[in-house]
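Heads up, the next two complexes both have chain A, just with different partners, chain B and then chain C.
Right after this comes the complex of A and B.
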């Protein structure tokens, strides 16, 4: 890749001839410029369609920052005591959603894996199902489920679980396909039952990948559990949203700071654990 | 793996230490789950009490409203346009920031640390929260939406680009400098060809995230197909909701499939 544009066959016939660093009119270059041009046109069209002036956005930060400095600071620390139960709850919601989705996704992952499930129809069906779960943004799952089940924290739990399942099942299936190699073949050949293959062949080998993906999804869940409150699915997001709507910006900023702290700590801990495992 | 004979003379499939580890992990995992369950109070009674309505509500969703298709596509284009605009602004700004933040190209350690700290703070704010703060300052509208998407793109790109730059071997650049190449030549011919494939990969991953975020922001009221969906939900127009969900799903799936093709091409 380093010298992709460098033509090895150019030999300088005279001493002062200049070897170009990249060939001017190679088809690859023309194709690259065409792609860049197309993307540029698309982006320009986007700005025009939205009638948004890019300069408005680049000049927005000063307005924003002065507004925030005036209205969000200093944070109102009094709200902490009242909202502590909800904050703790948000954390444990993420834990439970991670668990439930990890267990369901493990099953779905097996069903999606070519090496562990030989029924192509089942495999394809599960694949489409999981793709559906994965490709609807979590907040839309939230608002849809709130609409179906009514407001409540259990709805948030279901929305979190659904969104995580979409992500985890695919990741699990990919990892299972990667590891399900010789050991499983050998067990299969020596007459082990399907359950024996799963318990003694797959699970021990799969454990590190399983922990890795699950920890990662926990991090995503902490974020998402805050988001879901915005549509009435419980947790910290609901508090932040209501304080914002009441224009109690100082209370909202306190809650946001706690949320950001929680996310940073989770990110750090998960990163630490994942590094330790590999 | 040491072979391990059971009392009844069979050879165990897994060694004892492996079995112990699995057992301990299982006990720890179940313990944490039980503790978490006791820490929250699920409104299970209310939830179960409402379950009888579910079949009826679901049956209402089993219809598609085709008359809104045109409008929905228009709003979808708005959502995608917001994502693309933010992708460009975020990408360009991050290109500069990442050079200042990467250890091997940063002018000073303090600058690098400051930018990295700022960027990880931005990343830690969920972007739905970010847009609430921005909308409080700038009011509703596409400018607020694009600003918040741009900020989260900066959070993502600066970290990603900087890590790619840090992986670069400085030997190539030094040898180019030794042969008398100008700073601009080094950048265009020595540096970009090396980082381009990773940068493009980051951009394509971010594209998918950005569109999904842009649709999500709509639900909060930032415009685009998300806003249309939340309006349809609020006014109980089930068939419209189904249609919009279908459009969102097909869009996201198409993008995912396209990106997978691009990734496969890039790998070969």
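Right after this comes the complex of A and C.
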């Protein structure tokens, strides 16, 4: 028999007894059922409040597909040549926003890391400031800045840079904190100054994480820079939006396909670079 | 040889973490060229003790006289200067893994050089020659351009030794330098540390939990238990009964200790 060890320990009369894997009516079990009940109630309440019939959601996809098939196909290829400058623009938005914030976030990351910045007041201040930047979605930054600077590329750039800074600073700070423990201890112990430790210890060790997070945010920014156009902040989104409003669905569908292609290429390239680095 | 001078004088050293008092008043004098091994169960305060000496941990109370100043009171630049005269070797080597071996060794000079001089990595020829000599001495002459994280544990610790030696220290601290190594590498490391500090007349304070290894290398053994010194004397005078007393109430540590004696026998053939 496979479980010979088992046989020796179990008295034969108990052999047929069912062995439960968890205690019945244990607090954990009650908690689980309460959670399931709560989530179910929440879902039902949401549908009622929104007065949406759940069945309508099921019938939505066919409606969407019919509409798209009728209006979006075949995509209008003529628009490709006209939109080329805007496509390049979208790409450059992401490039500038990503790399400007990569530099600023490096400093902010150091200020946010408790192991690298011992001044609790400064650290907390920077943390709140970055949390504020991060928790306002990029599209809201965009629509806010449009009022300040008017419609144009500068709005997209600033909005994207601010949002990226919020994201990168926190990610950098976490990676830096991991490094700043044991790995830099020897440098502190040898009497190296703070700046020497940053240059000779932190930067070399942080480099992979730096590139990794930055490439990741570049990928996010390609997507975000398309969305930003919707609020008049420049880039491809603006073109897609105007074609939709003009009911030029076949042109819009072409642009959307280009956008998806662009995102896929970026994803693939970034994924390739990140794999190569590790 | 004339009576050696006192290098380090620790008096009434205490360290309190939020709830727990880890060091409860330690008084120790270390003379030049001594090889002191600190033994004791884990949690006894060995690591805190050794880290108080170079202020990697700030003591709550007490004085640490080293090189004519009280290290416990130093701040900023003066503290860095004191640290630059104290070498340290770590259990996990603490190298900059993505930087090559010779640069890691030269990191030992950072404390002796200004920021702008080190910014471009321009160390003096003498410093570079010394780094190379040290690396050749520990058998890493062929690996100087390898990234540190491409080395084995034993090799990493040898880089750690060279880095500490680059500081030209008067005192070397070693916190469990062989705890992560196999017995064979451990012996190499112990021999190299012992050889270098003897040759250069550097005093060494080392935490170990292998009692047999401590007896083989130390000129003096200090037993710490529950934040206090319970033994301070020659290795030869450390009896089995005293060892049992140091590890008393730590049954599992006792077993560990016995295991380590076995490891010691394996490695050192005692």
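The definition used in the following text is that the second predicted complex is superposed on the first by the 256 of 278 C-alpha atoms of A that agree within 3 Å, B and C clash if a C-alpha of one lies under 4 Å from a C-alpha of the other, contacts with A are read in each partner's own complex, and residues count from 1 in each chain.
In this section, a residue touches a chain if its C-beta (ideal position, glycine included) is under 8 Å from a C-beta of that chain, and two chains touch if they have at least 3 such contacts.
Not measured: the values here are computed from a predicted model.
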For A:188, is the partner it touches chain B (first), chain C (second), both, or none of the two (neither)?
second
After the superposition on A, what does A:196 contact: first (chain B), second (chain C), both or neither?
both
For A:68, select first, second, both or neither according to whether it touches chain B, chain C, the two together, or no partner.
first
Contacts for A:205 in the overlay, against chain B (first) and chain C (second): which applies, first, second, both or neither?
second
Determine, under the contact definition given at the top, whether A:120 touches first (chain B), second (chain C), both, or neither.
neither
Please tell me which partner, chain B or chain C, touches more residues of chain A.
B
With both complexes overlaid on chain A, does A:55 touch chain B (first), chain C (second), both or neither?
neither
Overlap the chain B and chain C contact sets on chain A and report the shared residues.
187, 192, 196, 199-201, 204, 207
Touching chain A in the complex: which residues of chain C?
54, 56, 79-88, 90, 92-99, 103, 107-108, 110-112, 115, 118-119, 160, 163-164, 167, 173
In their shared complex, at which residues does chain B touch chain A?
13-14, 18, 22, 25, 29, 32-33, 36-37, 39-40, 42-44, 46-47, 50, 54, 57-58, 77-78, 80-82, 84-85, 87-89, 120-121, 124-126, 128-129, 132-134, 136-138, 142-143, 146-147, 150, 172, 185, 189, 193-194, 197, 212-213, 215-216, 219-220, 226, 229-230, 233, 241, 245, 248-249, 252-253, 256
Interface with chain B, chain A side, in the complex: residues 1-5, 21-22, 42-43, 45-47, 49-52, 54, 56-58, 60, 63-64, 67-68, 71-72, 88-89, 92-93, 95-96, 99, 131-132, 135-140, 143-144, 147-150, 152-155, 157, 187, 192, 196, 199-201, 203-204, 207, 223-224, 226-227, 230-231, 237, 240-241, 244, 247, 249, 252, 256, 259-260, 263-264, 267
Hey, which residues of chain A end up touching chain C in the complex?
182-193, 195-197, 199-201, 204-205, 207-208
